[in-house]
Amino acid sequence: MEQLVKRINGMIHLKAYNRQRDDLFFITVEKSQLELVLSHLKNNEGFTHLAFLQAVDFLEDSKFQLTYMLYNYDIRVNLGVKVLIGRDKAEMTSIHKLWAHAWQYQRELHELFGINFPGSPRVEESFVLEGWEEMPPMRRDFDTKEYSERTFYQRPGRSTNDPKEYMKEKMYKNYAASPRIRRDDE
Amino acid sequence: MSIWTKVLYAVVSVSVATVYGLTLGGIVRKLYARVHGRFGPPVWQPFLDIIQTYSRRVAVSHGNMFFLGPVLRLAGGLGTYLFIPVIFGSALFSNFSMAGDLLLVMYFVFFGQLGMALGAGQGGHPYSPLGIARGLAQMSAFEVPFSLAVIAVAIQYNSLNITSIVAAQQGGFMHWTLFTNPLAVIAAMISILGMNMHAPFSIVMAPQEIPIGPPIEMNGSFLSILQTNRGLFAAAKLVLFMNLFFGGATNIIEMIVKTFFIYMFSVFVGAAYPRFRPEQSFRFFLKWPAFIGVLSIIYITYLGGAS
Amino acid sequence: MSNLSESKYRGFKADRSKYPEMENGKPVIDLESHRYTKLWQGPQHPGVTGNMAVELIVNGDEIVSAKTHVGYLHRAFEKLMERRRYIQCFPLVCRICVPEPDTNEYCVSAAMEDLAGITVPERALWLRTLNLEMSRIGSYLMWLGGQAGSLGMGAVGQWTIGMRDFWLDLFEEMTGGRVYHMYMIPGGVRKTLPDGFRDRARGLIVRTRKLLYDVENTFLSNAIIKSRLQGLGVITTEMVDEFGIVGPIARATGRECDIRINNPYVKYGELDVKMLTSTVGDAYARAELRYRDLHQSLDLVTEILNRIPEDGPIQADMPNLLNWKIPAGQTYVKAESTRGEHGFYMVSDGSGKPRRVFARGASYTHAISLLEELAVNISISDLAGLMVSLHTCPPEIER
Amino acid sequence: MNRKHIDEIEKQMKLANEGLPEEERKFFADVIPTRVDPFNKYWEQFLNWARSRSLWMLAFGTGCGATELRPLMTSRFDMARFGIFPRPTPRQASVFVVGGYASIKTIKRIIRSYEQMQGPKYVIALGSCTINGGMYYDSYNTINRLDYYIPVDVYIAGCMPRPEALIAGFNRLKEKIVAGECEGMNEYTDKFDWFKKNQKEIIKDWNMPDYNW
Amino acid sequence: MKLKDVLSPLRVWERAAKKPMTIKDPINERPGAANYRGFHKNDFSKCIGCGTCEEICQNDAIDLVPVEGQETVEGDSGLRPMIDYGRCCWCALCVDVCPTGALTMSNDYTWIADNPEDYRFVPGADKTKWQESEKGYTRSPDIQIIDYDRVDMQELKPEERDKSFIEIVKGYNKEQAMKEAERCLECGLCIATCPAHMDIPGYIAAIRDDDLDNALRILYETNPMPEICGRICTHKCETACALHNNGDPLAIRWLKRYIVDQVPADKYSEILGTDHLEDEVLNRKVAIIGAGPAGLSAAYYLAIMGYKTKVYEALPGPGGMARYGIPEYRLPYDQIDKDIDYIRSLGVEIQFNTRVGTDITLEELHSSYDAVFAGTGLHLGRSTRVPGSDNKRVYFATDLLREVTLGNEIDVAKNIVVIGGGNVAMDITRTLARLQNQKYGKVQILTTCLETEDIMPADVEEIVEAREEKAVIDPGWGPKEIEIRDGEVYGLHVVKCLSVFDENGRFSPKFDEEQKKFFKADMVVESIGQGMDLSYLSENIKSNLKFTPRGRIEVDDNFQSSLQWLFVGGDIIQGPDVIHGIANGYIAAKGIDTYLNRK
């Protein structure tokens, strides 16, 4: 595995490399060099199986991380190739020519994360949603609970008590309520 | 016998046949259930089903032809049944038997399916035409061995009157067509598999493929007519086969026993096999059964048969 | 497609000389010409596995084009998990694949353990192995019924799904749940084996084998089954990588891919799991392979039952799982479900809730890109059979 | 459901297509089904008896509940002996078993199938998800309360309810049918506007192949 | 197509002859498995309404609702879970997490209803057919969702500590504290039990987040003496801890100590925002009698409210009983000073060696201050009054402890008997044991008390540690007579004590005179309780004050006595323990504030 990393590093600049388990490694590459790396891994290194392609939303850094999980049947190792792309108007090169099922993932990411893959077949078609009008729902800033409460009728009549507050109400109602008892009005 | 008596007799006969056919259906469901390792619905379940479908408050119609479909289907069943003498020598169950009724019956056996085709076609659901296409194609396919067998029988007994064919088979079971012309019976029995639409020839209603096919849009009372017809038509077919190939029946018990076993044949096969693809089914009928049918005619005409 | 397949797919051969007209390598289908009919197989259709739909364009009985539609079961598990604590995730994930929920439970627990660096005790590992293998049996039995039923043979389905219910009884004894077992919690399992469980399990194995003998006689060596499945949906070795095919479907083409052997997890490394492969790659080969795999699972369960330790902890020393925080990291844990590689990709950011969880189900590619490829040129009556032979499970596609 | 509660909502209710011109209202396919009252009392009682013994269930596996329908249909539990049969087409079915959660895409088909069913029609709702959202209460793609979209006759608790619980649910449905309490079909007609309003609030895309569901 | 393939399927009919798999009467014939996760049951005798089930439920299915007949008491919120079966997914996490084991599941699984609103019930309160069912899911003892095992506290070994007064408990380090803080369920049952109602889950959460500044702020909201409380608090909160029902309670006291130990004293004013306090000083003055926890607590809160406060203390050092009643190995003096120095840094002035009543009268204070707070504590010993207890070699524990703190030499005898079973008795036992050890190199001390060991008021760990330090503890005996030979103590005669309290819970010991024992001793220490010294109240004031039947000064909710200007708190009102004193001081400070604003 170390040698493989060396070989790739000789080809392009690897941003990061880490070993999670004996059979799971991650490398991070530049966005522009992804296609090169993937086709090299597929054609020359035996990483022929694309297990999945998924995105992670790092809202704080305003980045999407795309993970391409590859598998090599000979050395029996999973290799995750990570790419960080910008979150605004996210766009990524399509790899549907490398694997025939990649378009599916790209279509899903387009719908659920709003990442565009120009040239990917049927990428504009809806995948799991129908008549969706909000922002792509898998983005971190989409609040699903709030949406659900707003849209679907919750059964009314539920109310709960916090034992903390309830016991205060019952047992020591008159005890200091203010956290800080400095008076500011004088 | 006045015409009114005859009509009255026919009504009684039709009712008995319908009840019998439906009960038979219930028994067969039970049998299938035993094969499946379960108990199955009660024997009278088909009657409840008919009442239930009949009692629907709403029935969506897709036009006049849609309405005619089930009616024509029932007409086919009635027509088939009414021209078959059910019990040899019984006035009550002789129906409107006459000279050349075999031809009429042959026509009516297929008439219902055609009527259904018209009605279901107007349902607008794409699975109906698919089912109809399959149904008509399969019908044409199993018609070949069946017609050949019937022709063989007609040649053998030199008659197109069912009553006389039955009469010719009286006097011991060795006189049955089954033994006098076994090839024709084989061809006919294979075609009854298709006619009864049990597996492996259940392609018309195949739920996993074209969810129940032609009657997919049929509902409420339309469906209840179809269900009634199913009982009647099943009885009619079985009686026809009994008359043509198994020596007919002289009393009702004999009729019940014989038809039951004829029906059991297709049940016996049906429980064990999945269904064919449509074109496999068509090819099947046009191959060996048709060949056997031809052989039976050859056997009868050239090799002389029994009579 | 290989020559073998076309010769064996008896009786049905599409004539592609006249239609559809090809333009730039793509078929042009003009629905207005009335030569084609558009059909929806599903979601409300008895021949569709689960709640999904295939949009078909047919010419007579022949499928000219197929398009899979999913999303009818989309519950947004991954989104929901992002707002649940780690411990709260495990009741959710088993719903991802209904016939075989335990693989999900295992994967998500193992992913958390991998990220948090927890070692699961020996006995818990054995119990997990037992649970996983039993769930494979249940899933295969259900599949057998589905495959026979899709071709119109009800009896086999009635038997095997009935028999699966007895396995569910065992699950119920062991875990407390019938369908959703929710047995594997992070760090271990929830219950030990009840008294007399082993004997009952052994008895059931004998009964299952007896039933499988009947199934073999009536299903696998059935002339009509053979005539319909042989040559149907042939997958070549080249397609395996192209479409990301995994599991029994890939093994039926000769590709040696069984995660239990390639990347042993739980206790599979210590068990004698054989790589079952076939070379034909059609639906019948897959059926036969699954049938053999089912027998192997029965063998494995027998062996596991003998080897589960009687004593020992069933859960690692865990912190308070209510406040459990997992250090930042990413991992991918996979397991061999009956449909193939089932994996969970989990990203943690050091908080008490996962940053991102992705469930990779084998059906994801099988039911969409592969099915759309294989469904073309076959008869509409074989579509249900093909779908079942790919063992598609819609909830794991859309999650 | 609380009767008062519904009345309250009915008062405030406004249709999604209110204010649209007549032609466009049609576009929403808001044709109110005809109300059909029960027949003569004794005749209806007899029919109800027959209906309760021949329940044709729509075989639409809408959610994970479908997984327990299969054991129910097959040899271990054998629902056929109770007069319950799966039916492949909604036109012929009388019982709709909603198997748990319904996503937006599915509820659209559920409504369509329900409307295609011929009355009297009954709905059995399985599991928590149909009652108050179940474990997907906060999901953006699943409904919370089925009774806002179609009338429901019987609820069965569980996740998933076992086949035995399903049988018990069917028994309860039979009791209700015999007692003549299952008028969901007419309820849907009477409160059609309210149901349609609820449906339209969540289903934005009403486009569907017109011959299927 | 082989002929075999055509014929062998017909063997399906073999199955027709076999017995069907079908269950004849599924509803009655097949109950759920023995540990089936069916519908919920709740055992109200165990349930404490902590809400952990609600906390873990990922479906938001559980509400805590008041239930008729369930009173809110310490350690039981009186709330009970109501489960919404429109949400539940039967994962049984609530059962696994339940710290008391009250919530379980039955193996019942059939519930049909026409009305969806029916599916909401309080297990245990609503009549259900499965409440009494015996089978069903319970938590396996082999697994833990929450952590029942406390992180062990590092302590000095007996041989390291039995000669010196170095602090025994080492305190948690960061890793241990985080681990212990993680165990918290955040139910908040402890808050009601704590006399100062500290936001315990709040500061524990802050420890988990490693935000000690915030934790300190939370501590100082109601408790200005966290160093003292973090060591010697009676931690009633830990007995109310939900984890206590099935495992070790959370080490709340040690966690509090961890917070203050980590924050250096010079950062306090910055963190707590008291660095510009002098800008807001009011022209009102309050006198405080006694620099004990109650007095200093009142002084602190009055100070941050802007009052000028002055504390009059009879002894030469601040801290009151915390300093003079508690040995140094439990509460080192520098830690007391850390708390008190911070309070003094806010402008609180302490005048030492000034006994109110002798050096300055209460009337003088009244005339020169707007209000007076008295927290004079319980400094007088209480005697057993058995024959011989008036000997000079019979001491009170409080006196001895004060002498030790003052640094005065104590004439430790070789053979000592201590009478008493409380924490003070343990303190004096262990102090004297150390002194004996220093002086003679061996320990010969025996402690006896009325109570048997299981109802001894002292903390269990105190008893264990005292024994580790080679003190003999022989409980269950009532002192009869101190034998005096030649004017010197010779020993203690005791009889078996059968019961301490009568059926009404009143103190009324019963003895078995037949069973006797004799403990030889050169010195006897009595530690059976303390009394208050109200001599600073002049007759005039006394006659205007109202007293309770038990002889305590009557105060209202704000610790205001019947003389409007006099507020009284601390051990002389409630307790005796440090946390009550602190709480009293806090409330009294607020009361004084209200009183002075109104005036």
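Order of writing sets the labels: A, B, C, D and E. Residues in every chain begin at 1.
Just so we're on the same page, a residue touches a chain if its C-beta (ideal position, glycine included) is under 8 Å from a C-beta of that chain, and two chains touch if they have at least 3 such contacts.
Values in this document were obtained by computation on a predicted structure and should not be read as measured data.
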| item | value |
| --- | --- |
| Any chain in contact with chain A as well as chain C | D, E |
| Given chain B and chain E, the chains that contact each of them | C, D |
| Chain whose Cα mean lies nearest the overall Cα mean | C |
| Most remote chain, CA-based centroid, reference being chain D | E |
| Centroid-based (C-alpha) most distant chain relative to chain C | E |
| Mean-CA-position distance for chain E and chain C (Å) | 56 |
| Cα-centroid distance, chain B relative to chain D, in whole angstrom | 38 |
| Whole-Å gap between the CA centroids of chain A and chain E | 47 |
| Interface hub residues of chain D, defined as touching at least two other chains | 74-78, 81, 88, 105, 131-133, 135, 137-142, 145, 159, 162, 212 |
| Residues within chain B bordering two or more other chains | 33, 35-39, 126, 207, 211, 271-273 |
| Overlap residues in chain C, where contacts from two or more other chains coincide | 38-39, 45-46, 71, 74, 76, 79-80, 83, 91-92, 155, 158-159, 162, 180, 218, 222-224, 227 |
| Touch relationships between chains, expressed as pairs | A-C, A-D, A-E, B-C, B-D, B-E, C-D, C-E, D-E |
| Chain C-facing residues of chain E, complex | 1-2, 4-6, 8-9, 11-12, 14-15, 21, 32-37, 52, 55-56, 58, 89-93, 96-97, 105, 137, 140, 142-147, 179, 182-186, 208 |
| Of all residues in chain A, those that touch chain C in their complex | 20-21, 23-24, 26, 48-52, 54, 56-58, 65, 67, 69, 73, 76, 78, 80, 82, 99-101, 103-104, 126-130, 137-138, 140, 142, 144-145 |
| Chain A-touching residues of chain E, taken from the complex the two chains share | 49-51, 54, 62-66, 72, 74, 77-79, 84, 86, 116-117, 120, 187-189, 191-192, 197, 201, 221-222, 280, 282, 301, 304-306, 557, 586-587, 589-590, 593 |
| Complex contact set, residues of chain C against chain B | 10-12, 37-39, 45-47, 58, 60-61, 148-155, 158-159, 162, 218, 222-225, 227-228, 379-384 |
| Chain C residues touching chain E - in the complex, by the definition given at the top | 84-85, 87-92, 155, 159, 162-163, 169, 172-173, 176-177, 180, 182, 185, 188-192, 194, 214, 217-219, 221-224, 226-227, 313-315, 318-324 |
